[in-house]
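One structure, as C-alpha cells, below. Some questions next.
The chains carry the letters A, B, C and D, assigned in the order they are written, with residues numbered from 1 in each.
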Amino acid sequence: MTESQAGVAAGSQPQDTISRFAQTRSRTLDLCAYLSPEDMQVQSMEDASPTKWHLAHTTWFFEAFILKPYASDYSEFERDFQYLFNSYYNGIGPQFERANRGLLTRPSIDRILAYRNHVDEAIQDSRSHFDGIALHEMHSLIELGIQHEQQHQELILTDIKHAFFQNPQLPRVLAGEKAWSLQADCPLHWVNFDAGIYSIGYAGNGFCFDNERPRHRIFLEPFRLASRLTTNEEYLSFVESGGYAHPEFWLSEGWRILQLGSRSAPLYWRKLDDQWFQFTLQGVKPLDPSAPVMHVNYYEADAFARWCAKRLPTEQEWEVAAACGTAHPNLKDPPLWAPAATVGGDLRQMLNSLWQWTSSSYSPYPGYLPLPGAAGEYNGKFMVNQYVLRGGSFATPSGHIRHTYRNFFYPGASWQFSGIRLADSGP
Amino acid sequence: MTESQAGVAAGSQPQDTISRFAQTRSRTLDLCAYLSPEDMQVQSMEDASPTKWHLAHTTWFFEAFILKPYASDYSEFERDFQYLFNSYYNGIGPQFERANRGLLTRPSIDRILAYRNHVDEAIQDSRSHFDGIALHEMHSLIELGIQHEQQHQELILTDIKHAFFQNPQLPRVLAGEKAWSLQADCPLHWVNFDAGIYSIGYAGNGFCFDNERPRHRIFLEPFRLASRLTTNEEYLSFVESGGYAHPEFWLSEGWRILQLGSRSAPLYWRKLDDQWFQFTLQGVKPLDPSAPVMHVNYYEADAFARWCAKRLPTEQEWEVAAACGTAHPNLKDPPLWAPAATVGGDLRQMLNSLWQWTSSSYSPYPGYLPLPGAAGEYNGKFMVNQYVLRGGSFATPSGHIRHTYRNFFYPGASWQFSGIRLADSGP
Amino acid sequence: MTESQAGVAAGSQPQDTISRFAQTRSRTLDLCAYLSPEDMQVQSMEDASPTKWHLAHTTWFFEAFILKPYASDYSEFERDFQYLFNSYYNGIGPQFERANRGLLTRPSIDRILAYRNHVDEAIQDSRSHFDGIALHEMHSLIELGIQHEQQHQELILTDIKHAFFQNPQLPRVLAGEKAWSLQADCPLHWVNFDAGIYSIGYAGNGFCFDNERPRHRIFLEPFRLASRLTTNEEYLSFVESGGYAHPEFWLSEGWRILQLGSRSAPLYWRKLDDQWFQFTLQGVKPLDPSAPVMHVNYYEADAFARWCAKRLPTEQEWEVAAACGTAHPNLKDPPLWAPAATVGGDLRQMLNSLWQWTSSSYSPYPGYLPLPGAAGEYNGKFMVNQYVLRGGSFATPSGHIRHTYRNFFYPGASWQFSGIRLADSGP
Amino acid sequence: MTESQAGVAAGSQPQDTISRFAQTRSRTLDLCAYLSPEDMQVQSMEDASPTKWHLAHTTWFFEAFILKPYASDYSEFERDFQYLFNSYYNGIGPQFERANRGLLTRPSIDRILAYRNHVDEAIQDSRSHFDGIALHEMHSLIELGIQHEQQHQELILTDIKHAFFQNPQLPRVLAGEKAWSLQADCPLHWVNFDAGIYSIGYAGNGFCFDNERPRHRIFLEPFRLASRLTTNEEYLSFVESGGYAHPEFWLSEGWRILQLGSRSAPLYWRKLDDQWFQFTLQGVKPLDPSAPVMHVNYYEADAFARWCAKRLPTEQEWEVAAACGTAHPNLKDPPLWAPAATVGGDLRQMLNSLWQWTSSSYSPYPGYLPLPGAAGEYNGKFMVNQYVLRGGSFATPSGHIRHTYRNFFYPGASWQFSGIRLADSGP
C-alpha cells in the first residue's frame, strides 16, 4: 500500500496519527457507557454483531495488519483471537462463523478490554520495533485502522439499537443525552445542475478508501436535487395513502418482500392509539413530523420517490452536487444522536445527517485498484448487489465523512441510519 | 388440583415443603457459580434457553401459579414478566417468542436475582394471605414448583453445555469438582423377566407428575434387560466399524438426518490425532472406555441396538424391571457431574446415571387426566412425536427421580444426558 | 422369506395367484382412465408421486424382487429403471431423488406401459425359468407384489387428488361414477368392551405384512368405541365454534403448525357464500352433513376428540373391537369413491369406509421380525414418528384390508382418506 | 403508448406486422417439435416455466393487451386464463403462483393450442373491430407482442434444457439438427477505444424496448475489449488451476454460494473418466475447446476475469464498441443451436453468439419513462439486483437482437446462454 492509495494527509505528522488513534480508541468505549456485559453479548441477526465483538474486531485489525506483520517484538495476546475476531479476510485466515458471533460468551468483556489495552500499548509504545515498513506507510496503516474503527463506532449503535428493538421493553441505548432541536419550517425546493463532464472520486492528499479512487470523468445529463431530506411528515403521507398496499410504486423484489412480512411502515415505527411513535436510541418517542425519515431501505426509498413522481439520485449526481460548494457544511456538534434539523440554504443535510440511498449499484470505478494483500478484501469483493449510500449520518464520527465517501448496503437493509433525498431529471 | 393428583407425601409437614423450597431455590443459584452474566445471556438453539431465562422462568412459575391467583396481598414484581417468562402456558397468556429468549439482555441478571428474592420472600412469608386455597393444596402447588425447578436445574446444565460447545475454545461449565471414579471391570449380563400382567404408574402418596397416572395394568411378553448401560467402548466399536455409513442399521428418518449433517459419532465426541475425546462439563477429556456412552439421540440408540441384534426396551418393560427390586439403588452423592460408574449387581445404573431412551412414544396412560387449569399444559399437550426416557441422570437432583418418572424428548435430541440400555425379547 | 412370514393362504393354488396378478395389474390402469399424460406427469409435493411413477414403480417391484434375482432367462427392460423407480430400498441400490420424481418427463407414459407389459409377460410366462426359489415362495413374492400394487392404487387416487387441488380450476379425477347414497339417520352410540387379556396381530394362513406379526398378548383396561365415524356435521360444529382458534384443544405441535399456515378447516373444505363445499374425486360438491369427515390429520382428529371430551382409540383397542364380531362387515361394491354411509348395527364403518387415526405411534410388535433382505425395508425402518391408521378406506381395493392391517402416516398428513372414530375409557 | 416509445418502424406497413405475427407464432410451435405433452408440462425450478405455460402466456399477452381492451367483438376464450397465464402484471390482475406453474396439468396442451388458434384468428381477422386505438398504435402493440414472444422462444429452450438436465438420462431437446462448425484457430487480441463522450440508447425508428431509451450521453475513459468470447479451453484452465477453490478470485457473495453447493465447473459440464463433457440441446457432447464457454453466471464470469487480471465490460463500453462499426455482423443462418464459431475480424461474436455479462447493474437510463399502463411493468420494476447482458445468443431469434438491447438476469443465473467477453482499462 502506498500513501497515495490510502494515506494520511501529506502534511500530517506521525504524532498526530498516534494522538488520533488514542482518541478514537477511547471514544469507542464511550459509546458503550450505558451497556451492560449482557447487552454487549447479544447478536440480533446475522447482519449485526455484538458490541463485544466490535470491540475485539477493531482491535484485531491493528494486530493483524500492523503488529503481527511488522512489529518484531510484539507478543500476541491470545492465539485464538486471530480466528475468532477475523471478520471476512480470507487472506489472513479462516473465520469464526458470522451468524454465531453472539454465542461467544468467552472471552469475557473484561478480557476483551485487556486485549484492547495490550494492542493500544503496542501501537503507542515508541520503543516498538517495526521492521520492513516505512514510517509513513505504518502511519497509513494506522490511519486505515482508525477509519475502520470509526465505521464500527456507527455499527455499534445501529446493531445494539436493532437488538434492543427485539426486546418488548424497548430499552434506551443512550441515556441523558440532550434531545435534538428542529427548525420547524423549511420548505423543500429544487437545486438545478447542468449537463456536463464532471470528475468524481477522491482527489486530495488525505485519507480515503480504495473504492473512492481513481478520480475519473463522467458525463451527466441535467438533473435536480431536493434541497433537503424527505421528512417524516412527507413519508407518512405515503404510508397513510396506502403506499405499502399498491404494487405500482414498488420494485418487484421490494413488493415480494413486503408480501412475506408484515411491514407497512419504516422499521422502528409503531402506531399506538392513532398516534405514531418511533423507537430511537433514547427510547420510544412521538414521531417528529419535520425530522428526516430514517431507517428506510432501498425499496422504500425508491417506492416513495416513485409515488412522488421523482427518483433517487445516482451517486455521481450526489457527489457532483456535494462538491459544487452549494452544500451547507452542516457539521454537527459532538453527538446529537438524531438527524440534524433542516436549517435553510441551498443543499441542506448533505453531510452528517442521514445516509442517503442512491440508485447506484456499488461497483468499481474505472481503473479501480484494491489495496494490496488482505486489505484488498476491505471493499472490492462486496461490489455486487449492494447500493451506494452517501453523506454519512448524525452517528458517523466527526471528521470521518467526505463527499467522495461511498457506503454500501443490501437494498433490503433498514437498520442503518438511512434516509431519502429526492432527485429529478433536469428541466 | 387435589393432593391425590400431584400432592406432597401424605405425612409431610408444611414446614418441610417450605424448607425444601428454600434449599431448591438456593441450589439453582449454586449451579451458576462459574457462569458470568454473559454466559447466562446466551441461547445456542431454539430448544435451549439462557441460564438467565431459566432463573426467571422458575420464579415466574411460583408467581403465576400461586402468588397471583391466591396471595391476596402479593405485589407483582414487574408486570411484563408475566409475558417475558411464560414458557408455553396459553392458559395464562401469550408468550415471548421462544427462539428469541437469548435477545433479552434486559432485565439484567441483577434484576432477575431481585425478582427471585421478591418471590422467595412472598412464598416464605408466614404472614402472607392465601385465599381460596386450602393449605395442603397450596403446598401441593409449591411442591409442583419445586419439582419444576429441579427439572430446570438439569436443563441449565445441558443448555449451557451446548452453548459452550459452540465456542471453539470449549470452556468448562464447572471447575474444581472432583472427577468421577470408575470401576473398570463389569461385564454385561442379561436379566430375565417373565410374561405376565403387571401394573405401572405412580402408586404412592408422594409427589408425582400427572403423566405418571393412573396406575394401570399391562401385559408383557417375556423380555430381558442389559444389566448395565452401554459403554463408550461398546459404542465406539459401532462407530469404528462404520455404523454411521450403513443405512441398514438406521430408521429411515435417522438416516435422512445423518445425510444432511456431518455427524459420524455422538454429539461432543471429537477425534484428534487418532485419539477420541469428549466435551464434558469440566472441559475436554479423553474418552473413558468404561463409562456409559452419553449424548446419543434416539436414532443413534436404536441403530446401535440393531447393530447388536438387540432392541431398546419399552417404557413398560423398563418400569417393571426397575420396580422388581433387582435394581441397585445407585443413589449418588452430591453431584458427580458424570455418569455413575458400573459397580456390579443385577441391574445397575437404573437411576441417576443417564436418561435411558425407550422405544415408547410419549402418550397418555389409559384414563390419563391432566391437572386442571393452565397447569394441565405441563405435560399433556406434548404427547406426540416424542420418546420416553427413564431413570434420570447424574445431573438430576437427588430425590427428584422415581422409577415411574417419564421424561420425554424429540428423537433427534442429543444434548441431554441420554444413554442406552439394551433389551431383548425373552428366551 | 418363508410362507409363514408373508405367504399366500395355505390352500391357494399358483394359478390363483397369477390370475389375481393379472387382475390387479389391469385394475391399476383402469384407475388412470380419465388421466392425460400431462396429469400423470405431475408431482404436487414431496410426499406424493406422479401417477406415471406409481405405474413404473409397482412394475419395478416385480422386476427387482422376483425377475432379476430368480428368473434366469429374464431380459431387463432398461437398465436405468432400477435406479429411477426404486423408492427407498437401500438394499437394492441408490434411488433417484424422491422430490424430483415429477421432473422425469422421459421415459414417456407409452414407454412405461411397454415396461409394464414386458414385466407382466415375464411373470405370467409359464416357460420362464425361476431358479433358486421354491414355487410357493415365488408365489409368496408375487402376492407381496400384488399387495404392494394395491397400496399404490389407493395412493394414485390420493396423490392425483392433491395435485388437482392445486389447480384453481379444480378438475375431477373421476367422471361418470354414480354418487354414493347415504342413510340419513344413524345416531351415534357407544359400544363397551371389558378389561382383559386379548391377542392381537395376524393369526391366519393368508397373506399379511410383516408388521402385523407376531400375534401377541396385550392387556386392555375397559374402553368404549363410537359406533360410527364422526360426521361432517359433527366436525363442522367444532370448526364453527372456533375450534381452530383455541389452543386448549390442540397438541402443542399441532397448534404450532396451525399458526404457520392458514388452515381453519379440513383439507379440501371451502366456504363460498356461507355454504361449505368439499373437493372430491368427482369435483367440488356441497358438504354432505351425514357423511364421515375425511382428510383430517392426526392433530385435527385429536383436537376434535378433546373438544368432545373424548379421545382417539389405541390401535390395540381398535383391533380388539374389530375382531369381536360386532363389526358390521360393510364390504363395499366395486368402487364407490366416497365414504360408505352409516347403515345401522353395532360398530359401523370399521372397514373400507375411511382410515381411522389411532393414538398409537407406529412401532414394532414384541418379537417383530422384518422380512429378510431388501424386502425388510418395506415397513420396519419407518417405525418412528408416524401414527397407525386402521380399517382401510372406500378407495382401498376389495380384499386388501384386514382388521389386523396397520397403515401409518405422519401426524401432519391429511391428503389420505382419513377420518375419526372416537373412543373413551370404560365405565 | 406512442409510436416513438415502442413503435414499429415508421415506414412499416400493417400487413408486414401481421405477416411477422404469423411467422413468429408458427415458429414458436416449431421449437416444440420434439417435445411430448409430458415434456411441455414440467417446471424444474421457480425461475423456469413449462413449455406449455410459455405457449399460453405469449397468447395471453395478445389477448390481455390488445384484444380485450380494444377488440369490441372479441369473445374471450376462457375466463380463468386471464389469471392462470398472467406472469407478473399487477395492473391487469392477480397471478397464479409462479412456482406452481408446473402443476397445471389442465388446461391440456390441446386446449392451449386451441387457445393459440383462437387468438391468432382474432388478431389476423381483418373484420375485427378495434375501437379506441389508432391503427399504427395497434400495430405497435402487436409488434410488442411479437418481440415478447421472441423472448419466450429463447426461454422455451433454456427452460426445457434445464428440465432435461434434471433427468439422469439426459435427453436431447433437439434432434436431427446439424451440428455447428468451428474455425479452430482464432487468437484473441484487444481492440482499443478512446476516451470521450458517446451516446448510447436506441436512436432509430424501429422497435425497441422502453429500457433502451432515451438515448443519452455518457463519458468513457479509454478501454479495451477482447476481440472474441472466452473459449472453453481458456475457462478450463481456470477450472483446472483450482479457480473454484480460491476465494481471492470471487466476489464475496459468489464465494458464499459456492460454499453452499457443489459446483466446481459451469452448469452442464461433467467430467467422466478424465474427459470433460457438456450437456447441450442435442445431448451430451465432448467439450469443444475452441467454442465459447457458456452457462456461466455473473460470479463465474467475474471470477474468471479477475483470474486473468482483466475485468468485465460495462454495458456502456459494450454498446459503444458494438456501435463503432468494428463489430463483425455475425448474423447467423436459421438456428445453429450452438454458439457461433470465432471467424476472424475486429470484434467477433458480438451479436447472436452468446449473451455477454456486463458489470452493469440493470438500472434506468437518465430520463427513462416506462410504457404507460400495465405494459410499464414489462421492464422497469425489475431494475434492481440484476445485471445486464448484451448481444443475444445463437438461440435468440433472427432480427430480434440489437446492439442497444438490454437483457438482464440475477447474477446467480447460469441456465441462460451466457458467456464472457473480457475488458480492460485502456492503455
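The rule we apply is simple: contacts are C-beta pairs under 8 Å (C-beta built on N, C-alpha and C of every residue); 3 or more make two chains touch, one makes a residue touch a chain.
Only a predicted model underlies this, so the values are computations on that prediction, with no experimental measurement involved.
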Fewest hops from chain A to chain C - one hop per pair of touching chains: 2
Other chains in touch with both chain B and chain C: none
From chain A, the most remote chain by mean C-alpha position: C
Interchain centroid distance [CA atoms averaged], chain C/chain D, Å: 47
Where chain A and chain D are represented by their mean Cα positions, the distance between them in whole Å: 38
Centroid distance [mean C-alpha coordinates] between chain D and chain B, Å: 60
Residues of chain B engaged with two or more neighbouring chains: none
Chain pairs that touch, as defined at the top of this document: A-B, A-D, B-C, C-D
Contact footprint of chain B on chain A as seen in their complex: 36-42, 44, 52, 80, 83-84, 96, 100, 102-109, 163-164, 166-169, 171
Chain D to chain A touching residues, read off their complex: 88, 90-91, 195, 197, 216-221, 223, 247-248, 250-255, 298-299, 302, 311, 359-361, 363-364, 366-367, 381-385, 411, 425
